[in-house]
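So that you can tell them apart, the chains are marked A, B, C and D in the order they are listed, and the count of residues begins at 1 in each.
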């Protein structure tokens, strides 16, 4: 293994498209990573296209893009955002044509359901004695509901009616400050799945479907092969494992989950090997 | 396998001591199982001793016994109650001699800690920036705290300080009505354990420690061998598996988790085989 | 749910392409399912295209097709075979350009490696003291090696060198007679993964990548949407879960893993719901 | 945490009984750890009793003791050996009174069954078409059978007949040289359990039953409390976790699984905290 950190701006020149993970790569708990705009300029200058590929179903691509634009990063337009929430929405589009979709998350996250002309029913509004019209359950976000009451209600819904459950974010946790994390809806989903003993349908990295969806999206900018794409992420188990499995070259950056003084040991203990390592996307 | 249901009162005559699980055996969501008093009378008449062996850390043996006595079951005295909470307390007694024990549960469940002269600190009162004096974390009950805020706080406490975590009830769920269940602290503990990647110390059936503790307790009524004890429960994975492993004869009753029309199939699919099956403890 | 069995030949008329699982659908332990040729004739007559989508890396598409052709099923040409072994080969093509690939399986299965111009080294020929040139480990088949000696050797190889491990078949077992099964390489891989504590890269149903690969393959017969494809399988956890997740309609057939008298109960207990149920593909 | 390594001979003076793990503590792949006899002399001189508490079912206590005596360690008599195989034997004694016990392991390991007057049937001698007399399956050792043929036969035995399965060693692996390990029967058992979907009954550290059995054994030397016993081991997940849970003080030694330069990090990442750390039992 040749896993010494290299300059991101040098190594990226070998690719035509970059997939960036969002958290730990472009931003962190303090906000946008300083000088990330210079990297976007550099990519533009060298005709390298980029996308943000993120496990996030709390908001739609419009709102996600807006959060970058407010910080002056105009390049991050909605068309460049590919989120696990979009995959869940595509799944509903193909598999659920009628009826009511119960959901767990903020009222805002319901737009993924309403976009499709389906009826969205917040878990707090579900009447457990009258579940006939509910055709599926969608787990979107860890906020916007009462954990104790509504997680138990969702579990009992699944015990009373056999319906598909779609999880729109596979992450177990997300960072909320320098030291602290919060449990993501993917973590709650694992507990629920274990308790009801049923199989949920999960969307998000490292699953190949996330990368296929991104790969399909970029084909409208011209024919791109896997060899021409670089996946950049801060997490071995999601970004790098998923990118590797899909056949992409991968670059681990050390600005998030994986610390500079521990990355070699983590690669060794997990057996997940990135193609490159960079200190950050501005290096 | 000879697993036709037999009369409990006939088969119990071969034993000197009975260990009863509580929920699904002596009581259910509607209260005490009808006529269970006749079974206690029958046991007394035949000089058969009994104990209630229960995964419960929400209340102490006094309060647990009181809930039976209020219903007229005077035989269920505190000395006959053996709970997973008592095991957790014994563990603290041996392993934690000083300092503060943070706990998750109702304020009432803290008596397990205070009994030992230790300082109990409710998770909601933990200051995450000042955790120096906290020497262990005790997970007692699924009530008495804010799930979203306090589960995340407990997770971050474990990320900031390496301390032992004791789980005083291994159950994933418990029944709250004919159809519905609630997530028990054991289910929450599994999610937390997965997220922090650490090993918690669990107490409760099917773990052998629960049966050893009960076995030690009964030796003060005279020398009893394993062959003379019958473990009675409604759940294959806890009561029956644990009893079998400890070397006891076991009796599955069909008044709780395991339904009369499914018990043979469940025995077959789990490979957990009770010595006897009875429709109920009053049969 | 409307899950009464329907005639396969009626329901298939709503689709343009069928993906058939092989084992339990087109063949079983006794050989080709009787009259399956009439189904292929029917599909041809109605201009419905089909593919065989199978978790199998023991042989290449040529040999797999030959096994059908020998039985008179001329329609099953190599171009209609999509196997998990082919996915593993594609992965190697993108990610491993030089060096030696150690493999576990029959000597015959090595063609997946040699096709790409890479050097294939059977696990029995690996010298554990000289592993420098080995760049990855490929788990192909449960036959062709000494389980005790070579599984342990593969484990020690992974302890000595951090290399990617590719598993070319996710199945835990496969049927060998009416009553009996054998452990597949996917089952062996899970044990190895647990022991070395590393993440392997797995190919096969229910993973989306299998369906994406098939989906890409069929685009050369004209533009086909997901709505026009039917996935047919005998196993809820692989064929139906994977097809559902990919957004396909799915049909559970009762000629293999899922028995006619248990399928409703299995759908209920797993929460995996097929679009249709048919007694067999010849119904 | 005060986890600087201390002198074993100093810290052991606070205890009346020591439980030693065998591998990594008293011996390693090269044989007996040099000068371990001086530690036994020291214990004797200070009236400290000791036992060897080991996950091993390949041989009986006589043979295990003989292997120490041959090296001049006369103190290691059979009465001081407590093995997971002995626990499995006790379990059979209580729970299996008649019939045939099929077993997986060397012919020699069958003595655990034959000691009890039961008929032992080696897995290779099982006729899968005639399993009526087989009342349980005992997994003893990873040697003495054909892995491919006999593991699959054991799996099919469990599919054909619902019988209890007893695993006499929970370890996943054991060391065979400085760098290499071999899969133990506990690792094979996990694969089998996953494939058949049934619950096996396991004996060995970290399970409390192992410590209870040892605790009962030592009561014949006089009344000993948990506070007076020190568990010494090289593995956090078995020796230390199990000792802690049972309420014993624990001492991690750095002569085996846990390396001197990594022990603090491993304690931190697992959350398993020994009472003491020593470089070795001769320190």
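Assume a residue touches a chain if its C-beta (ideal position, glycine included) is under 8 Å from a C-beta of that chain, and two chains touch if they have at least 3 such contacts.
Since we're looking at a predicted model, the values are computed, not measured.
Mind listing the chains that sit against subunit B and also against subunit D?
Where subunit B and subunit D might share a partner, there is none at all.
Among the chains, which is located farthest from subunit C on the basis of C-alpha centroids?
B
Between subunit C and subunit D, tell me the centre distance in angstrom, where each centre is the average of that chain's C-alpha atoms.
40
In whole angstrom, what separates the CA-based centres of subunit B and subunit C?
44
Taking each chain's centre as the mean of its CA atoms, how far is subunit A from subunit C in angstrom?
It comes to 28 Å between the two C-alpha centres.
Residue numbers in subunit B touching 2 or more other chains?
Nothing qualifies.
If every chain is a node and every touching pair an edge, decide which shape results: line, ring, star, complete or other.
Its topology is that of a ring.
Could you please write down every pair of chains that are in touch?
Going through each pair of chains, those in contact are A-B, A-C, B-D, C-D.
Inside the complex, what are the residues of subunit A that reach subunit C?
1, 90-91, 93-95, 158, 162-165, 196-201, 207-209, 212, 226-227, 237, 241, 244-248, 267-273
Contact residues on subunit B for subunit A in the complex?
128, 142, 146-148, 151-152, 155-156, 159-160, 172-173, 179-183, 187-188, 190-191, 194-195
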